[in-house]
Amino acid sequence: MIKIGVIGLGRIGKVHLENIQYHIPTAKVVAACSGSEKGFAFAKERGVQKCYTSVQQMLAEVELDAVVLASPTALHFEHLKLLIAARKHIFCEKPIDLSLENVQFLKKELDQNPVNFMVGFNRRYDPTILSIKKQLDQQKLGQPQSIRLTSRDPGPPPMEFIKTSGGLFLDMAIHDFDLASYLMGSEVTEVYATASVFGELPLESVGDVDTAVTVLKFKNKGFATIENSRNSVYGYDQRLEVFGAQGMLSSTNQADTMVSISDQEGVHHPKPVGFFIERYQASYLNIMKAFIKALEQNETPELSFQDGLHSLTLSLAAKKSSEENRLVLLSEIS
Amino acid sequence: MIKIGVIGLGRIGKVHLENIQYHIPTAKVVAACSGSEKGFAFAKERGVQKCYTSVQQMLAEVELDAVVLASPTALHFEHLKLLIAARKHIFCEKPIDLSLENVQFLKKELDQNPVNFMVGFNRRYDPTILSIKKQLDQQKLGQPQSIRLTSRDPGPPPMEFIKTSGGLFLDMAIHDFDLASYLMGSEVTEVYATASVFGELPLESVGDVDTAVTVLKFKNKGFATIENSRNSVYGYDQRLEVFGAQGMLSSTNQADTMVSISDQEGVHHPKPVGFFIERYQASYLNIMKAFIKALEQNETPELSFQDGLHSLTLSLAAKKSSEENRLVLLSEIS
Amino acid sequence: MIKIGVIGLGRIGKVHLENIQYHIPTAKVVAACSGSEKGFAFAKERGVQKCYTSVQQMLAEVELDAVVLASPTALHFEHLKLLIAARKHIFCEKPIDLSLENVQFLKKELDQNPVNFMVGFNRRYDPTILSIKKQLDQQKLGQPQSIRLTSRDPGPPPMEFIKTSGGLFLDMAIHDFDLASYLMGSEVTEVYATASVFGELPLESVGDVDTAVTVLKFKNKGFATIENSRNSVYGYDQRLEVFGAQGMLSSTNQADTMVSISDQEGVHHPKPVGFFIERYQASYLNIMKAFIKALEQNETPELSFQDGLHSLTLSLAAKKSSEENRLVLLSEIS
Amino acid sequence: MIKIGVIGLGRIGKVHLENIQYHIPTAKVVAACSGSEKGFAFAKERGVQKCYTSVQQMLAEVELDAVVLASPTALHFEHLKLLIAARKHIFCEKPIDLSLENVQFLKKELDQNPVNFMVGFNRRYDPTILSIKKQLDQQKLGQPQSIRLTSRDPGPPPMEFIKTSGGLFLDMAIHDFDLASYLMGSEVTEVYATASVFGELPLESVGDVDTAVTVLKFKNKGFATIENSRNSVYGYDQRLEVFGAQGMLSSTNQADTMVSISDQEGVHHPKPVGFFIERYQASYLNIMKAFIKALEQNETPELSFQDGLHSLTLSLAAKKSSEENRLVLLSEIS
């Protein structure tokens, strides 16, 4: 039985806690760390016996095999230093940190204190992505030539969150950048991004945007185009296409039901499922299962620290490109 | 150059006339017969030089290879007797006649005066049906086990038309009965139908209905289910499924464009294309090409008099079943 | 905390047990009854402390509020008599029993010893059906005129099961008959069914069929058409259409992902999800939640004994119609 | 009756000729100019009485109201000078010319000798685009924020054609650039394009590419992303999305039929319709009707010389961006 501590009991922390507690029989959350009474109550109702407000105290008092880090991004750096020092295996929500310097520092720490580290790009474990990746690995398309991701949120997060989140490129598009690289299977060499503010939030005041298109250029001559928006009135839009010499893999949105109604106006289908918690329900469970399995089998998890660093680099490059209105070489970011 | 006379210049007659005149280079409409000045004007604008009100006069004065009969069903019997006697090849709109006795009489006439005779079940020449039939012939499914047709009109015809049309089973469902038999490739043995009046027209007063379901049972153990309605507010609904041991062939409705709009309510697609003239535009041309080609090559057209007789029998059986509220053996109809 | 006993730990019994244990915080399975060691092991791993081979013993030794009856249909009658006598609330898998006489007997018993009784037509709680029912209740279509259900299994059950299951109409189509009645909201007056054997199993030897079409005629002039097959090579086919004066509600199959691949041959989409356990995962949970909620609120569950009796009557009528090759009045079945 | 001369009887010239001859009753092709005997034969069979090899001779001998210019792009410049000098109204296939200098020269000529001039961006008249434009004009989305076009050919043209065509950006993507600008309704300020060669043709040798992505940035803060490929094994891919504050308009590919087959592997749909001649059949007719109508009503056609110049500028900017691997300001192209 793998003993887990969960740090942070916001939306994502809760998802991980429940998944481990109810759906992964070989692991158990034995301690949780949260800043709120509500978090404690949530954890206790699900059988977590020890709750802490201090990560240090939790590490000192409870015997843990691994930690799920779902605290706010701004706290990751401090928490990760503690976890690495304590030699706990780590499942870390994305992004690792907003600062490239910090992430590079942590990388060195990790190299000296090697533990299993998995970064939470759960979408790689979405059944849709698993299916597409499998078919790519089976050479159904040949080498991917052009990848396209559409990723639009049903509404923006609160300004409070945006201020510390790193903005659209570091908080939201980073998922898409990771997926694009993962599916292309090649290194990005150049990034072009352009972005605007169309919604009502005063994003310019915090240097953020709500709508963007990013083009990634890869070493293998392929490219990826990513479209992001925070303001999709028709719901959470998560689509993907991979084009290659032998054809195209394509995924469309999922709705809660396949019910349509035909009337005098036309044929009406329901909107896509709610938001990321609902849309990626299976991914969250799958990625945690993969993390636990890697621990059990003493293997390195698939999504490494390096993957987290790479996508951060892409996000920073896209932000720079958008801000400086020019093509940015990835080699400029370091 | 095949010389054609067209009898009847209602909606369907006009379609046939234009198709021959503009799209079949090896045939030419040289004479037309119509009861209306408008019909004459239409024909003349499209290069038809001789127009008549009398079929007999047209047959006497113009040298014709073949005749397209698109007059009202009630006139078919008289017209067909004249055409057979004159030994003209005949393309006859469906149904041949509403009376089984009349049709059987005409069959004997034809046997004694053999001419090429094609009955206008144009839907067999719809690209959709051609594709499905081809795949069935290629044994993609094995023997069809269950066929399902949905055939719903965007609105009822005027009461005037209904009174003489033979009603839903003889005027409308007859197309579906022909298709079901054609695709099943076996003989119908029994028919069950049930029908209701849901719309606002006083159909009961003329012994008609607006909504029906018919089950055809075939000698090969297969069955077909046909759903008809005159009152489809969402437009002309023309769908088809064939189920067999190896899978299912399925066709859905066509719209004018593949444009959808996603908004706060959902994803909205356009309605199916207008009505039969628009939906079966290609079928009308294809069937006329097949008729002309058969004439040129001196071959018997595919859709024979017998096919017209068969589907009439099915329509009469369905009507009887619905009226007498019982299963009807096809052998009862004769 | 509602204390539940589960009788029968086959596929369905296990589903109910896990749903209660992991997903319904206000209920708990405290005892289970099973004929197999495997069943015991399954239950114990999920925290059920008491396991029995005898229903009587379980009822005698454990304090229970309600029982989930998922034993083989052939045992339902004996088990139900015990449960009613013990005045336990009952969630009973469908069908209640294959014999109309038995079911009518049980009804009298229940009338004398009233307990909450819910019959397990879980599909009514499928998100698809919930959405369709809600829209019907909102008068989106007006009165339903024609309902069509397609229900095809990806493969037949073993002959062993078929022999005691009651066959296609009583075991499989009964779900569809229940749904059709539920959605039409009117009483069935007549039933016509025709059926064949197309697959390789020697079903004729046990009086069963593998392919059928059934037409239900309702008091409100509406009808329903149900297509069933045990041999759908393309997977579990569960579709539904409701046609009415204001339009059509329609549901198509669900696949595991919305991924398609386009290649030289065309555009290829995945098959429907596995089988009923996967397809109706949400329904099984929803119906159990509804049962528990009714117990908590001391209300009569929606799916009553009468509903179980009604659908059994329809199944028997369809079987009779198919066997006697004639339209059957529902009043003949009693 | 508008008297038309057609110059050039390649694929597109033939389409225009037939459309005028058979489908536009108020116009007539009275003369044609072609370099081939086959062209003459084609024209004569369709009732064109005068055929020439010399444009000058045709202009001298035949009284014409307007000319349809469908000669190879390399001849446009000479032909256009003659036509403008002769003060004929002009329908000119795209691109007007590959040289910005030439086009600017012609613009001055036109300003001095004003005639009606329409450039053949027929896709604006595609029912799909007409529907999308209409909905945009109705403010269904608000201002477009992000437009995406996918335009992939089922196979590359011969090297012979490519050498003089201007390449992917000037020959193929120019349609998409025109549509993007048209639908965005704003001026392009910057262009970023990146392109590769993935197919087997030695395109590098002629400075061409077969796969590209282009981002257009507009004055109104919107952007458009265009994906092009010459090598779509799954057929002619023509899709479009417009995203705005109120939702998304989206168009998918059209197939010849709506027939699918479900089998053990999945659900299979047919490929998109053949190529541009089939896909844009309606557009070619619609645009010619619009040209003729403008002539009849003495109005300026919608697609002006300026539109042709604008899209050429975009194509040149995209080519420059791809070649110089940097963002290009539109103001650099002049």
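Letters A, B, C and D name the chains as they come in the text, with residue numbers starting at 1 for each one.
Convention: contacts are C-beta pairs under 8 Å (C-beta built on N, C-alpha and C of every residue); 3 or more make two chains touch, one makes a residue touch a chain.
Because the structure is a prediction, the values reported are computed rather than measured.
*Asks:* Walk from chain A over to chain D along touching chains and report the minimum step count.
*Replies:* 1
*Asks:* So, comparing C-alpha centroids, which chain is the farthest one from chain C?
*Replies:* It is D whose centre lies farthest from that of chain C.
*Asks:* Would you mind telling me which chain pair, B-C or C-D, is linked by more contacting C-beta pairs?
*Replies:* Looking at contacts between chains, B-C has the larger number.
*Asks:* Just how far, in Å, is the C-alpha centre of chain D from the one of chain C?
*Replies:* For chain C versus chain D, the centre distance works out to 58 Å.
*Asks:* If you average the CA atoms of chain A and of chain C, how many Å lie between those two points?
*Replies:* Each chain's C-alpha centroid was found; their separation is 40 Å.
*Asks:* Quick one: chain B and chain C, Cα centre-to-centre, how many Å?
*Replies:* 42
*Asks:* Going by the touch rule set out above, which residues of chain B reach two or more other chains?
*Replies:* Those would be 233-234, 246-248, 262-264, 270.
*Asks:* Under the touch definition given earlier, write down the residues of chain A that touch chain D in their complex.
*Replies:* Per the touch definition, chain A meets chain D at residues 143, 145-146, 148, 152, 190, 192, 194, 196-199, 211, 213, 215, 217, 221-223, 225, 227, 229, 231-234, 237, 243, 245-248, 325-327.
*Asks:* For a test of understanding, state which residues of chain D touch chain C in their complex under the given definition.
*Replies:* Touch residues, chain D against chain C: 233-235, 262-271.
*Asks:* Which bits of chain D are touching chain B when the two form their complex?
*Replies:* 22, 45, 127-128, 131-132, 135, 140, 246-254, 256-264, 270
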